[in-house]
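What follows is chain A paired twice: with chain B in the first complex and chain C in the second.
Coming up: the complex of A and B.
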């Protein structure tokens, strides 16, 4: 359904490792996905499963050392971003790919007015007149729904509420009309009503500006709202890939099933909430075989030994679980 | 119904936006600062000193100054403060402008008031210029040390910079042939590094050149090492040595004091940067494609300035003291220009005959240094919220 457009970003078998004293944390362990023009792709997963790191790797913001990108490629408009040097990356950051961070409280520089900061985002990549930058800033702030933008421009970040700051961050990320916006849990730090407003804003802006969105979150409700394609991440790999309908109606990986079963809306009154037993493995000491097998209710002998293949369940719906695949297709 | 709407209209002017009284950061800090009486006193003395020094510059320098600090009246020597000049022995242009010797005269009959007036300008400029130099060096080195701390310096870069720097110094000192040779060698090494150093280009480095890319130590080790070495020297004696070797002038002293007192600022900035560089807004700025230099000097330095500002204020007091100390020892500003230090130094020979010659500059130094310290302490309390309201 959403596969109509040109591929904008294509990540192949990306690996990001972090070295500490004697151990290697395999934070991202071979993920592949495409983002097409105008599409919203979601990476969903628990804390520490490698969502943010895989996004930072796209912009070359993984600190090296201790980080290392031992393999894979990130093709953006045909260029491999991993081969570019710092200067070439600076050209792309903000101009073609921009990023919105989780914490609006700390992502704005406390000593400058927000007007200054948005104007800087504009003038970093385009040489424009001061008055023109001012006009564009007002326009951006209006676009992201900030009331009386002329006045707010003279405010410092501490004068604004969390929702307003996140709107400002969004305005900054849109300043150079990027083709791809990476949003790293942009609503996590906000309360539910503001979260809803921001999600609406994203949808509106996406329509208006024809940009692609790579949306990272741990919140399944958010995913259901905005995603075209969903990638469920677990311990640095993709457990399941599909569109909203496929993932929510017909989950094929036991991890996805567990996640959906633990949503409060599915619980019956008076019953304790379901939770997946166990905890996410330490990225430095992942279990052999399928990384989910210690927590999996359907675990079989093979799962402990062999790393599972990606299985093609139906039209563009993949899950890394041969056990369910055999169950559904075999019999 | 109408009444309700009107009421709303008055409570929420401009279409529902409620205006709250707003204070800028400066107003907020000023409000806090004003409560601290000692700091306010310090600030007032600071402002007064500033005005006096600037007027002193205008009124005591030049060919025919309003107050002439260098005018010798041998017949009027060692007059005590507030004494009247003997009008019979003086030519009309030799009579002090105030009609009395406010602070007395020294052993050559020079008016101590005029000399103090002139000296205040020297103290002010020494304080500000020296601390200015120290802050610039400190912020630069501390910023680089804090931001690029873990980057490695390789043998090639070190070799290139030593050769280039040494060559330029060589040329300046007269060894032109050797200097040019060193500069050329350094440039060659740098060119090799740039040609092959592009780590993203996955070309193998030819044999023999790989030694140039041997990592020696990190930037942080270099800069903290430099700070520690500079702190090891007893700085007053270092200054004495340097001043003894270089031609005596007020500018030499400013520069030397500045070059030997940047370590505090560098340490503060480095420490601030270590925590600032992990902040989200730095990552956010990088994600927007802002260059590293711009991030350091535009985004991070303003956030790290609070402790530097405080130490700079106190540093001005220290620099004034150092200059006075140097002048007292005779290494300072050469005569006939007056500074508080050399008035004091001159006065010590007449400690019992003319105590005002030591008392007046001594008290002036005391007041100014105390004022700067109080002001600095007040500033520290305002800028560091943890110290407030205690």
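Coming up: the complex of A and C.
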């Protein structure tokens, strides 16, 4: 269904490098994806694979220096965000694209009240009366399920629990009715029951507001619940791209297979949990050829030398692994 | 709130008592005695010494001396052993002299340190940042007395104005020229006082601001689409200022100890210099009273810090 909608955000071959004394970390090394109106796109991967950086790049929040965006384009409603100057970006941040961060504990300013911080998000982009901003804030807080919003508005962040703070962050990100919300591991810092409530809230809000969601997580269980399309990221590139059905039923990249095999729900009783051997490579010293080859059980001689192509497995289902492609297609 | 005030008052009185005992003991542990200040002077015969010791209770046990001293201090009857003038009156006179120097110096320090430090933090690594860093370390490393003499030589030879003391010796004019004379005398020591302060404080401000700029909530503020000025001066600065509230309370004791060197160089008849001279003369009542007042100023300063902290940081409720 979602594939029929208009493309809202289109990222082409985005690269983000970080320079330190003598090394260059290729944090994001050429990723391309589309987010369509009303669609939920997930970026999944281990810590340090470049998920957050690729999201920060959309809003122009990668600190430069040490960061550098040497190539690619980020088209949002046809405009390349990488070409915009700081002021033009400020117009887009919070108004058309907003972002929710991982740590609700530290992402709200401790010295301003909740009400002030949400009202500020409204008044920055829309000229509205103070009373109108207040009314809108109450409405937003009600929408995200905060009880007695009038009173909570006078509270400071430290008065609220982690789940409540994340709800406040969500309310703030919705303040100007953005077309795209980027959520960077919004449930990671919360415990499981709260996590479930927040996910539920996301689904509900998406339905109600028809917004697109770019959801970044390392949690496959979360992905299965909300994603329309999934991008599995590894060492700054996409390993596999597909919808929930394709990724979970028919994983084509050895990395995705490893991730799915390591889900606790797939472990057999009495057997140790599966884990992919090795660790994510340092983005400054990536292996030659396929970045996954040192950890891959199906590695072949070619994988060590040549960077793999994106292979088209089935309808809109791609994986960067020629080895499985040859196996599956039976040649 | 009332409970906090009461608790704080009691704590501070107890602290003050211990400060009084310890400072009293330290003074008496120091070698020498007021009666022996000039043992070779032929006027100080053994009888004179004995009379002197008796008169100032120096022959009594320590705890009795302690009692006598603080009784006199609290009833305001304590007198300097050097010139027999009431200690409090003497201190008050010197305090009035120190006050303009202290106020102007502190104003220079606090008004300049913040803009310098904040701009250096926002433009980290820029030419501005590197040059202010260099200047700050230069000012910190040059000894104050050396810098003072360089400045004095420069000002006196270039502008032909007198800078030593509080006013030109024997000046008889009144009105405008008297005022300008006073201002000229005040300017150099205040600038010196301020320069040292700026060098240190602007570094603190820069580091604090850098620390806050990397916090998640500053990123949130940017992601909201706020203009850079609002991100820096509202969201970041407000948090960066919190630790300085504590420091602001602690500048009060600087009234006494902050300017001993500067007052000595410029022959400024202030509190710091008086305390220094009293130590040389073993004038116990003056030393102990100045010490006691410093302790009170420290306690009052911390109390003000606590109150201010409560006002500026919503997380703190006392």
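Things to note:
The working rule: the second predicted complex is superposed on the first by the 329 of 331 C-alpha atoms of A that agree within 3 Å, B and C clash if a C-alpha of one lies under 4 Å from a C-alpha of the other, contacts with A are read in each partner's own complex, and residues count from 1 in each chain.
We adopt the following convention: a contact is a pair of C-beta atoms (placed from the backbone, for glycine too) under 8 Å apart; a residue touches a chain by one contact, two chains touch by 3 or more.
Note that the structure is a prediction, hence the values are computed from the model and not measured.
In the three-chain model built by superposing on chain A, chain B clashes with chain C. Judged by the touch definition given at the top, the superposed model places A:120 against both chain B and chain C. Once the two complexes are overlaid on the shared chain, A:58 sits clear of chain B and of chain C alike. Between chain B and chain C, the partner in contact with more residues of chain A is B. In the overlay built on the shared chain, the residue A:172 is in contact with chain B and with chain C. By the touch criterion defined above, A:110 reaches both chain B and chain C. Looking at the shared chain after the overlay, A:101 reaches both chain B and chain C.
By the touch criterion defined above, A:85 reaches chain B but does not reach chain C. In the superposed pair of complexes, A:93 makes contact with chain B and with chain C alike. By the touch criterion defined above, A:148 lies against chain B but remains apart from chain C after alignment on the C-alpha atoms of chain A. Once both structures are laid onto chain A, the chain B stretch out of 135-143, 189-197 or 207-215 that overlaps chain C is 135-143. For the contact definition in use here, the residues of chain A common to its chain B contact set and its chain C contact set are 59, 61, 86, 90-95, 98-99, 101, 103, 106-112, 120-121, 124-125, 156, 169, 172.
On chain A, the positions that touch chain B within their shared complex are 59, 61, 65, 83-86, 89-95, 98-99, 101-103, 106-112, 120-121, 124-125, 147-148, 156, 159, 169, 172-173, 175.
Taken together, the chain C residues at the contact with chain A in this complex read 215-217, 219-228, 235, 238-239, 242, 312-315.
Within the complex, the chain A residues that touch chain C are 59, 61, 86-87, 90-95, 98-99, 101, 103, 106-113, 120-121, 124-125, 156, 158, 169, 172. Within the complex formed with chain A, the chain B residues making contact are 14, 17, 22, 25, 150, 198, 200, 279-281, 283-292, 299, 302-303.
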